[in-house]
Amino acid sequence: VGQPPFQTDRIYETTPPGVVTGLAWTSMGGSTLYIECTAVQQNVRSAENGEEGGGSKGGTLKTTGQLGDVMKESTTIAHTYARAFLQRKHPGNTFFDDTALHVHVPAGSTPKDGPSAGCTMITAMVSLATGKPVRPNLAMTGEVTLTGIVMPIGGVKEKTIAARRSGVTTILFPEGNRRDYDELSDEVKRGIEVHFVSTYDEVYEHALGWDEAKPA
Amino acid sequence: VGQPPFQTDRIYETTPPGVVTGLAWTSMGGSTLYIECTAVQQNVRSAENGEEGGGSKGGTLKTTGQLGDVMKESTTIAHTYARAFLQRKHPGNTFFDDTALHVHVPAGSTPKDGPSAGCTMITAMVSLATGKPVRPNLAMTGEVTLTGIVMPIGGVKEKTIAARRSGVTTILFPEGNRRDYDELSDEVKRGIEVHFVSTYDEVYEHALGWDEAKPA
Amino acid sequence: VGQPPFQTDRIYETTPPGVVTGLAWTSMGGSTLYIECTAVQQNVRSAENGEEGGGSKGGTLKTTGQLGDVMKESTTIAHTYARAFLQRKHPGNTFFDDTALHVHVPAGSTPKDGPSAGCTMITAMVSLATGKPVRPNLAMTGEVTLTGIVMPIGGVKEKTIAARRSGVTTILFPEGNRRDYDELSDEVKRGIEVHFVSTYDEVYEHALGWDEAKPA
């Protein structure tokens, strides 16, 4: 009865920089969803003589995908946080200042809402800014505050089932959902590696810092 | 009873650069539709001394044709993607930065919505930017994500019938609709050449790259 | 029973540049209507020292006359098309870039809608830009696409009756309405010269090119 509101098929074999796999759910069940982040225009700020180079400006963000108000705000929070995060990790990188961003969430006609894609959106933006793809077969879900604290979300069971169905092997869940996950049957959890995260720094570590050399 | 919501008559004998034949459908049946893309103003960016040259700026996009929210977002996605695509194919071509675009979908009083004209819109924009017309008698339908993945659409049967009725001889369908098409009767499919596409690169190849010399 | 929704009285003896006679209809009957186009401000772009000279900018367009959504979009389409048309006919004429336009459709309190004044609007704009008045006693009706294709409209009989009642002697109808017109009784058609047009170029020829020397 009814269909999940997000595409359940995996549309990316591997995700390029700027694209991150998230997890969504409704009363109908869970599904994977993709946050796609791309540059409308780059180096907008550094245009000479004050000319602007288009209707898009550095530091702007447009969103599509029939996002509800909460999810739109979530992209705004992600944009602010990602900019601060990048400044901390890579002080010389002015990507967010110089770039007009566009965030889309397929499928284009499915209404979506909620704050739980926050960490997914930040990761998509940081991935694009650094040119690094996310660790393969990893999905994440979690609301993020403006200072990078990861808050618990709903639908842990449905999201876990959906992740497995899409070939995901690693899930990042908020620390606040550890108990929800522990209560799931072994059947549901089989073959899935889970990390519980409290701050965005930990999300980054698992998703984008996975191939970085660790300090000795 | 009732009329298809889009004009069923072919209004273009041959489509000029910027105009592409799409396929639409409703519960009433399918029909062809045309995406018309034109430049409101060009070389807007290069105006000297900061003068702006009008209410339209390079990089902007206006839409008409009673488009619903999803279809309006679809033009935004198409604009972002087309810009990135052109930059990849023709690195020196700054058409989208320098041009105020206008996308119209006749008939002007017929409400339209949905994401399935995504590939048609991108193609209209790229066609205008490159000055190349689309391969004659070709129609296309498919939602496109912000990174160029072509996603399946509805109404394969109705669209195929409408395409034939309008003299279309080649249709581009999303790979995800291959099964839907295969199930159609030979009667419906007669005289139609179909290509199934997974990415926008393949759409381009069939629609705009058809007369390009292939590397040996 | 009720009144026609547009004024049926002829309010212009002769129409100055920028004003064009159109034809409207509803279930109550047909009527003439006037598209009035005027410049709010000219030479806005060339203002010295970057000062703008007012809240209006070159290339902008405002509309009044209780126009519905479709008719508003129709003025936008007309504006884009008229600009491109002028650039083709008079490459040095930057009127539309430099001018803030205002389109009004009397009577100001009568709600109006529909796409069939498209050709009338383009003609009003081009007439203003070139300073040429439209051929006397000529009325026109037709939806126009963004590339200048004239599409059929409704109410051919009612519009023809209204045109005669207002002293119109020449009507431009879309080619797609030829059959509708042919089916009218001779009584209705008496004294009216009709031209059927497929593209805006033909509209221009009849309405504004009527006194131009033809190439030998």
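To keep things simple, chains are lettered A, B and C as they appear, and every chain counts its residues starting from 1.
What we mean here is this: a residue touches a chain if its C-beta (ideal position, glycine included) is under 8 Å from a C-beta of that chain, and two chains touch if they have at least 3 such contacts.
Fair warning: this is a prediction, and the values are worked out from it, not measured in the lab.
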{"item": "Topology of the chain contact graph, where touching chains are joined (line, ring, star, complete, other)", "value": "line"}
{"item": "Rotation angle (°) superposing Cα atoms of chain A on chain B, nearest 5", "value": "60"}
{"item": "Distance from the mean Cα position of chain B to that of chain A, given in whole angstrom", "value": "29"}
{"item": "Inter-centroid spacing, chain C versus chain A (mean Cα positions, whole Å)", "value": "50"}
{"item": "In chain B, residues with contacts to at least two other chains", "value": "50"}
{"item": "Touch list for chain A against partner chain B, complex", "value": "7, 9, 11-12, 16, 18-19, 34, 36-41, 49-56, 62, 64-66, 102-104, 106-109"}
{"item": "Residues on chain B engaged by chain A in the complex (per definition of touch)", "value": "45-47, 50, 57-61, 69-70, 73-74, 76-77, 80-81, 83-84, 96-98, 100, 114-115, 118, 143, 145-147, 149, 151, 176"}
